[in-house]
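Next, two complexes with chain A in common: one pairs it with chain B, the other with chain C.
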Partner chain A sequence: MSTERENILIRLQKIDRRWIYLVLWLVVMFPLIFPFKIKPKPTPPVEQLFNYIDTMPENKALAISVDFTPDTRAELQPMVVALLRHAFAIRRRVGILAISVYGLGLGEEAIQQVTGEFNAHARTHEDSVIYGEDYVFWGWTTPILTVMLGMGERITNVFPVDYYGNRTESLPIMKEIKNYDDIGILITVAASAIPRSWINYAQVQFGVNLSCGITAVSAADFYPYVNSGQFIGMLAGMKGAAEYEQLVRQRMEKNGMEWALRNRGTEAMSSQTAAHLAIMAFIVLGNIAYFATRRKRK
Partner chain B sequence: MKRRIPLLIVLITGIFGAVAFFVPNPVIRSADETMRNDVQRIIAAFSLVLGVGSIVQHHLLKIKRKAQFWPYSYITIIALAITAVIGVFGGIDVSRPGLLPTRIGSFSFHIQTIYSNMMVPLAATMFSLLAFFMSSAAYRAFRARNLEATLLLLAAFILMLGAVPLGRMIHKQLPAFAEWILAVPNTASKRGILFGVELGVFATSLKIILGIERGWLGGGK
Partner chain C sequence: MNLSTDPWVWIAAILTLAIFSFLYKENPFYRIAEHLYVGIANGYAITFYWHRILVPSLFDRVGAAATPVSTKIYLIAIAIIGALYFTRFIPRISWLVRIPIAIVLGYASGASIPRAIDAEIIRQLKATIITRASFASWQAGLWAVIILLGVIATISYFFFSTERRGALKPLSYAGIIFIMIGFGASFGYTVMARISLFIGRLQFLLGDWLGLIK
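After this line comes the complex of A and B, so read on.
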């Protein structure tokens, strides 16, 4: 019996990796098809960012820099969507830009989705979200130093034309957003070290308030900046997105916007929970097999 | 001369860039603004031409020499040409058409359609493979071999549990403990690393500006 058990453990040590892939695939897929309800409780960094935007003066705009690429879309796009919903729900002006050229398509996707949601429910012209008045998509330009430093002087100099080819000078919103002084907070959503550049150039030189939305694996890199107050809160990974979605949903319901919108971050939490548990189980199983066979080798 | 001119340009622009960052003189500021808004953009435009030229040349050479996987080079060149033409002349989406007719019946192939339906799934597929490799690596390599590895393992367990709502079900304070690990011990160690990295970056930048470090010129010496 004992030898039989040892044989199983040895076989476990040498298991074909394709079985591990199959288990993980099932564990990720199953909750996506049959989701179980999870409502994440907001953590302090997420609450800090939400409260800051929620209480931002009316004459200040929210700027979102879409600094990620499509590979991290699942994790980061829900953040952009939730931030846009929050800004429009409390009627704050929004400016969107992309530091990476890949961010253009992702920014456009989020804008189309959220403006579509708000305009579909609008009853009057005032309820609508209008391009050039309530929001602007500045687009992309290079190099990043030009953008980060130039926006502190005059945004229309950095982006003479917007993503759709309009002269930015001609847009009514640009009379209200001239430079960083008119931006309440700039949130960089990224999967790289770009948030650090925003601190080095935009914040150090012009004192603009910053925050970031980043992938879960990068969270540890940015905690020092949250603790020092250089970032006002932070959204870390799918969990951060899901927590922000919950806060925005509550805010929208309070404002009478009970629209039953899809929250992609929250929906994916069940799958992420299952995947985390599976990986933990793999680690435990791997260690049991390792220690059992090591004892035998000794 | 071939080396002296680039070194001189780097010395002047490097020192000027650093000075302009700290000196609020209007003349210096104005010159800095011109450098950033005009000169850097012109250089960036040249680098784009250089980049496209380089990738086309590389793949044409591969096709000519019938190097390994040469048929894939056709895909790269064709994809580059089609995306560039549609991106420049085809319009952003259905509501913002361009000069080219990028719509056949209900089927559109605007740049946003190409991006959302090709670029996004392809990139997401590549990135999602990471989860499979990670789980395989976790199973095979994440072992509590010694005290350090055991501590790492414990921290990883707490963070993974803290990152999902299940952690709160196990113990109410578990997510707060995970948050503490990130905010205190992690921040302390990261700050140390950051100071070291930034000092290294500063020293290397200085060496490049002063022409001590010349690796970027090519040739290795």
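After this line comes the complex of A and C, so read on.
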């Protein structure tokens, strides 16, 4: 090996990490400004969840538990938005709660966005998405054990007052959603081990159907629960959100809702791909440099 | 470029850049943003606990004339036990903190252990059992066999009660391979997660703040 090449390889191993940050910054930024088209192909766990919700009996509601905090908003918020769009597109009732107090604002943000989209296109009262009839935001309470076990008995006992301060007993939707028996599936969108608690308490005790939307970093931990059937499908990270967005977009188009809505997960996929390629290149380069100089040292 | 005129967007953008400045090196802007985040997050949570839990569940009920005296005594007793958490700040009586901790631990363990055994062990074990239904398609059958082998090999790697000889030796080595594949998958997902968070912030900076993307 020539000395010049050897020097490059040694320098490569000692490169200041800030150069790597700069390259990543550029690699992520450019595809956001000049995106190239990527259409995520739904994976089996995403399809499984979509098909389950899509064919859920009309009298069953969809419950979404916003169990994440603002730091993971980029990955998980697109999931909540896509799930809400799906439920409203097929006219299923929705109940939303938050296990984390920081999830309240995120839940509210997603509700405002999606109900705004649907109501902006509504022509009749029936087309509209109405609070207290089509959806309810139960809000937050603590401790989680009380919430998960209590909702199996009577939801209005756990959340006597909703997020907006209304008595839940007074909402028409709560006559249809009394406890887990009226919930077709509960989806926990989380950045922690909370989905495991939902299994341990709500599913073991009451047999409620569960699924989860989780950050990519936790995905490997939750695949066993999909394999065992404890979760009906799963959305893993921003890619999972993007896949679900595609399925929902197709469903909405089929239902005549061609609204050209923003899909934040899908929009991020070109940056995600570019960043992954860059990181793979870094790993390969780093390994080449390491092994080449190690052989020399020996 | 279509710069935002919303002052809150500007505040969020400046704080985001202050946090990112740590990537260059430690600096006072990063420290300010970090402390602000911790303070605001705690303040937000405390406010909610006060207004959504303590006021309606304790103060309102204890203050209401309609609440029976026995319920009031019960609520006050529970509140006093809960307040014992604060004795941590008084060294002389800090041992009292063990009382609420013991109650919470006892309750949570009692509620969790039987359910966790069911959900985490029995149902997971069931999922590894191969039946005729596992071979609904040849791919499903193949994955079922791989999962079974992976579980046995990985468990055998953590079996330390005997020397790794005979069949246990190759099995535990196979366990290492499965564990490494698991670590690889976790690392790949971790990269995706971190990049996703960065994308989210850049979407905000380039879109909501600078108006460079729609």
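We adopt the following convention: the second predicted complex is superposed on the first by the 297 of 298 C-alpha atoms of A that agree within 3 Å, B and C clash if a C-alpha of one lies under 4 Å from a C-alpha of the other, contacts with A are read in each partner's own complex, and residues count from 1 in each chain.
Operating definition for what follows: a residue touches a chain if its C-beta (ideal position, glycine included) is under 8 Å from a C-beta of that chain, and two chains touch if they have at least 3 such contacts.
Just so it is clear, the model here is predicted, and its values are computed rather than measured.
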item: Contacts of A:Gln230 with chain B and chain C, given as first, second, both or neither; value: second
item: Partner chain in contact with A:Thr141 - chain B first, chain C second, else both or neither; value: both
item: Touching partner for A:His125 - first (chain B), second (chain C), both, neither; value: neither
item: Contacts of A:His276 with chain B and chain C, given as first, second, both or neither; value: both
item: Touching partner for A:Lys175 - first (chain B), second (chain C), both, neither; value: neither
item: Touching partner for A:Ala268 - first (chain B), second (chain C), both, neither; value: second
item: Which superposed partner A:Asn287 touches (first chain B, second chain C, both, neither); value: first
item: Partner chain in contact with A:Val161 - chain B first, chain C second, else both or neither; value: second
item: Touching both chain B and chain C, residues of chain A; value: 21, 24, 28, 71-74, 102, 141-142, 145, 149, 205, 216, 219-220, 224, 227, 237, 239, 272, 275-276, 279
item: For the chain B and chain A complex, residues of the former touching the latter; value: 21, 33, 36-37, 40-41, 44, 92-93, 96, 111-112, 115-116, 119-120, 122-124, 126-128, 131-132, 134-136, 138-140, 142-144, 153, 156-157, 160-161, 163-166, 168, 175, 179, 182-183, 186-187, 190-191, 194
item: For the chain A and chain C complex, residues of the former touching the latter; value: 18, 21, 24, 28-29, 32-33, 71-75, 101-102, 104, 139-142, 145, 149, 161, 196, 199-201, 203-205, 215-220, 224, 227-230, 236-239, 264, 267-268, 271-272, 275-276, 279
item: Contacting residues of chain A [partner chain B, same complex]; value: 15, 17, 20-21, 24-25, 28, 38-41, 43-44, 69-74, 102, 105-106, 108-109, 112, 141-143, 145-146, 149-150, 153, 157-158, 163-164, 205, 216, 219-221, 223-224, 226-227, 237, 239, 269, 272-273, 275-280, 282-283, 285-287, 290
item: List of chain C residues in touch with chain A within their complex; value: 23-24, 41, 44-45, 48-49, 52-53, 56, 107-108, 111-112, 115-116, 118-120, 123-124, 126-127, 147, 182, 185-186, 189-203, 206-207, 212-213
